[in-house]
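Each of the next two complexes has chain A plus one other chain: chain B in the first, chain C in the second.
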Partner chain A sequence: MKITPRKLVLEASPYLFILPFVIFCLILLLYPVVYSLALSFREATVETFVSGEMPFNGLTQYQAALADPIFWRALTNTLLFAFFSILFQFTIGFLLALLFQADFPWKNFCLAALLVPWVSPILTAANIFKGLFNEVGPINRLAQLIGLGPFPWLADPSYALPATIVANIWIGFPFNFILLYAGMRSIPEDVYEAAKIDGAGFWQRVGFITLPMLKPVTVAVLMLGTIYTVKVFDIVWIMTGGGPANGTHLLSTYAYQVGFSVLNFGEAAAIATLLVLLVLLLNLVQFLLQRGR
Partner chain B sequence: MNSIPGRWWLTAVVVIVTAVLLSPFYWVLVGSFMTPAELFGVNQSFWPRNFVVENWSKALERLWPHVRNSLLISTATSIGTLLITAPAAYGLVWKKPIGRNALSSFMLLTQMLPGIVFVIPLFIVFSKINLVNTMFGLILADMTFTVPFALIMLSAYMKELPYELVEAALVDGAGPFRAFLSVVLPITLPGLVTVGIFSFLMPWGDLLFALSLITESSLQPLTLELYKAFGQYGIDWGFLLPGSVLTAIPALIFVVLASRFIVAGVTRGAVK
Partner chain C sequence: MKTNTTLRKPQFHRLVMLVSALAAFALASANAQVTVEIIHYFNVEGQLASLSEIQKEFEAANPDIKLRFTFVPFGELVSRTLQMAAVRKPPAISAVDNPDVLRVAKAGILKDISADVAKLKVWEDIYAGPKAAVSEGNKVFGMPIGSNSLALYYNKKMLTDAGVTSPPKTWAELNETVKKATKSPVYGIAFSAVNDEQATWQWEPFLWSNGGSLTDLGSDKATEALQLWVDWVKNGFASKDVVNWSQGDVPNQFLGGRAATMVMGPWQLANVEKSGLDFGIVTIPVPKEGEKPVVPLGGEVWCVLKGDPKVEEAAMKFVAFTQEPERLRKICDTFNYISSIKSVAKQQGEAKPAIQPFVDQMETARARSQDGGAKYPEISLATRTAIQKALTGQASAADALKEAAAKIKEVLAKK
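The block that comes next holds the complex of A and B.
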């Protein structure tokens, strides 16, 4: 076969198409990730950062992080934050998706409106809930109307963490909703019809048809939800800044504080690495659970 | 469909549920026209007693230069992302070059990484090469978020491309780049628009990268100026609430114009 210039261009073109992307990946994705990992084994504090040495000192950063009670608090908070966020986001999203399987007037309008919390910037949502959970804000007023509270929402860690979770549920439920909604729509009609003829009621159809047939979508939604929730930074940073008394830190906000407030970049990188390991571990667990079933 | 019979009460239920779920947004909307005294006073109202338009005019005046910064940063990020990912997604899906699987796995991995993994090294490296406190540096940082996402979504669109059309163009003597420009891009336009909008909205709402990389006030995006409402001595609600609504406006326009496409795009990118 003769190699013509034209044929050469044709064969080489896919590589030319992906070349800018590959260069971007190497410089701005792979290099920072490797750098961050390497940094976690180095002493990178104010002094060494200015002098530019950043000497290797093994696992010192990891030991320092693991010896700090705030780290364990942040780890527990991250797990609680993720678990309750996903539980409620999924439940609300699932019930809404069921509701929207019916046809009714204003359906498309309501569907679009329900996407607002999700597409809005997280900053907007965090600011809103900072106001709603204000000591003299609307939520405490409503609570007082029914004879409860006022609660020290953002002033006490045991109330502040749930408050940030509520904000995160609000941001994330539409994502669960549209994915589950689309998943339910793709279940063939005749399966339901057959069940109806056999006398299955509405909730029986949900339990024996919708849930099992929705499993691939459910798995995708839960995995994506875990990834996004464990990464959350803005909500907690804006609503509580990790306080009061470092009681509401997530691993992400704690790593940021150690890096950019304490200026200990080495330890911050170590915490960030541990956070990545947590994300990978949670995904592995979900993957195995889904396989085992 | 497993539908519940009975129409009128269902609409009522959905409208009530939607209203409850959107009430936080209602609060920020009407609250942006209230004085702090009315907002957090003893008699909280659900409608402003007298509309304090000054909240908005002051906020707009203060935020306008930063809105311009954000527009520039987001537009550049969006265009840059498309320029890099559109040819790449096409090249990867079309000819399946060597290393394709490694690249795809790496994209999925970067989606899992928290921003903090990028922001620390980028801050240190950008400090050394004088990219801290530049728009270009922030745009590059924002692209570490948008590029993997855009590539994953665009690959899904490229998989549905009718490749006979590309082959036909090539047989007719068009070069591979010509075929890409005049056949591939027009067909995938809906996908490019959707991904372009997402790549615009992500940097628009970004706080983490801006907070770490931009300290020069005149370069700060909208989100960072708004973040200053959290002062040492309390929160400037009269500035924070209209600013929060303003920050959400591009996303709101997007929802109004394209809710149908979002549903299609998200389900396509996530499930496939």
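The block that comes next holds the complex of A and C.
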């Protein structure tokens, strides 16, 4: 068969169309990940990085990371941070989504207002929370009004982590809300009507209709939420810098510190790799739980 | 559709001509000129204006050299410098923070400029501290642009009201001052102990003035210096929030009337003056009367990177240009530096008596890298963890420091 230029263009065009995307993936997604993974098995310090030799040293970086008590503190913090963030983000988002199934005046305005945390720059939000949790900030003044405190919110390791979690809940709940809200809207009205006729109360309808029919959305929300939350960096970095006394380090902030403060790029890459593994593991667990049910 | 997406012939020809003209122009100018790229993190308006003024003067005096200033965020300067060198495209000059100079030098990317600086008039007149920051043995890895350090700012009215007649000179007087001046909601003193280099840097004046060292944190000297801070926080003379205050937050406390004194550098002077507050500055109080305060040095260093010899030479020309005494004085004034050169610093003190305490401290000031050399950043990391642990009551000052000392011993033992 004769290959005409026209035919060639037709044959090749689908590939050409996806070519930009493939290049984008290779350069901006795959390359950094593979490079970081490779770096984690090499001795990449100031000297070896510049000379380019970066000798392969197997699992040394991982051993060094795992031997450091700050790593374990950061891992525990990451899990606590993710668990409580998602728990409250999801619950608040779910309840609000339920509320918004009803009609009330100014509903659209409220809907837009609720999305403000999600669209506000994290730099701004984190700095505002830093001010709110200040020793003489509004939160302590409120607490003192009812005879509590003042609490050393960001000045004490055991208070500082909850404070950063509160900030993260505020930033993240609208995401949960809007997806769950949209999910609930797509449940057909007649199912509820049938249940009502059968005499099901409000919470029964929520428990037996909304929750089960919302499951695909719930799963997606929780998985995305896990990914977003486990890799949070900016909120904590701005509010506490991982302090006080390393009490709020997450794996992400700790990796940054090892990489850019100590300039041990190899170990930082190892910690980052472990962070990615943690995200995969948590999503796998969620996936299995969901299938098991 | 075809005609819309394809250039018509005359258009295409014009485009080709334009591109080749541009390329030819670029090539021609590249041949005639050497470009000196300088990476830095200066971002205050006055500093940038001053840099562009120097650039104009320098390029007028050296038509064959072009300067290009590239801004890099503070936290990324060292890694960017290393990265550019690693891909064999080093900048000509990197304006490195002085405690990082020896560490960057250890990567083997900085040019030893000892022969060049020896020719500079100002080099003989440099203070010992800034010289140590850029030297390793006989090698010199940079030329300080200028220095800064820490001293004690005090609110005159608050001290008078508290019955303190003269600003504190010794630790005993300082303790007395902060105790008397504390009157809710006013704290006696504000300082920064945030979880980064700032905590170590702010504590060093007390540690070093007491004769301690970061490489020997297990000593009583170190414990005493940290206990001083711990007691202030424990007794409520300083806010618990100091562990979360950066040096940007501290002046807000002082200017907002919530702190009677603060540990702060000369870069805040203009700000404090502008506020109209009646204040004074004294050198950092010392453990016993008659002792000399030993403060850490801040400030950036022009580091020339190894590369094309022609570029190296041009870069060194620029460095020398900035060191001509009159120009240096102007740079130091706009950058809020105390000059690292004795005669220039003296002039600055005479012109502006408020900064005299900072000038006085220059004689005994130390480079941070004098504790641990290239390993200073890692040592500082362990130190600040100890500071934060002690201040938040996670451990006693002695225990926190012992733990840090063990960690630092490990760091120093590594090759």
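Please note the rule applied: the second predicted complex is superposed on the first by the 289 of 293 C-alpha atoms of A that agree within 3 Å, B and C clash if a C-alpha of one lies under 4 Å from a C-alpha of the other, contacts with A are read in each partner's own complex, and residues count from 1 in each chain.
Following the convention adopted for this analysis, contacts are C-beta pairs under 8 Å (C-beta built on N, C-alpha and C of every residue); 3 or more make two chains touch, one makes a residue touch a chain.
Because the structure is predicted, anything quoted here is derived from the model rather than measured.
Under the clash rule set out above, the superposition-derived model of chain A with chain B and chain C contains a clash between the two partners.
In the overlay built on the shared chain, the residue A:L277 is in contact with neither chain B nor chain C.
In the superposed model, A:L211 lies in contact with neither chain B nor chain C. In the superposition on chain A, contact of A:P244 is made with chain C only, not with chain B. Once the two complexes are laid over each other on the shared chain, residue contacts for A:P152 go to chain C alone; chain B is not touched. With both structures placed on the common chain, the touch criterion links A:G183 to chain B but leaves chain C unconnected. A simple residue count on chain A separates chain B from chain C, and the partner touching more is B. Of the two partner chains, both chain B and chain C are touched by A:V136. Shared-chain residue A:S261: touches chain C; no touch with chain B. Looking at the shared chain after the overlay, A:S51 reaches chain C, while chain B stays out of its contact range. Of the two partner chains, chain B is the only one that A:V33 touches; chain C does not reach it.
Taken together, the two structures place residues 49, 130, 134, 136, 259-260 of chain A in contact with chain B in one case and with chain C in the other.
Residues of chain C touching chain A in their complex: 75-76, 78-79, 82, 85-86, 103-104, 106-109, 185, 194-196, 239-244, 258, 377-378, 381, 385, 388-389, 391-394. Chain contact summary for the complex, chain B toward chain A: residues 1-5, 7, 10-11, 13-15, 17-18, 21-22, 24-25, 27-28, 31, 39-41, 44, 83-85, 87-88, 90-92, 94-95, 97, 103, 106, 110-125, 140, 143-144, 147-148, 151, 170, 175-177, 180, 201, 204-205, 207-208, 211-212, 223, 226-227, 229-230, 235, 237, 240-241, 243-245, 247-248, 251-252, 254-256, 259-260, 262-263, 266-267, 270-271. Taken together, the chain A residues at the contact with chain B in this complex read 6, 9-10, 13-18, 20-22, 24-25, 28-33, 35-36, 39, 44, 49, 92, 96, 98-108, 110-117, 119-125, 127-132, 134, 136-138, 141, 170, 173, 175, 178-179, 181-185, 187, 189, 192, 202, 205-206, 209-210, 216-217, 220-221, 224, 227, 230-231, 233-234, 237-238, 252, 255-256, 259-260, 265, 268-269, 272-273, 275-276, 279-280, 283.
In the complex of the two chains, the chain A residues touching chain C come out as 46-47, 49-52, 130, 134-136, 152, 154-157, 240-247, 257, 259-263.
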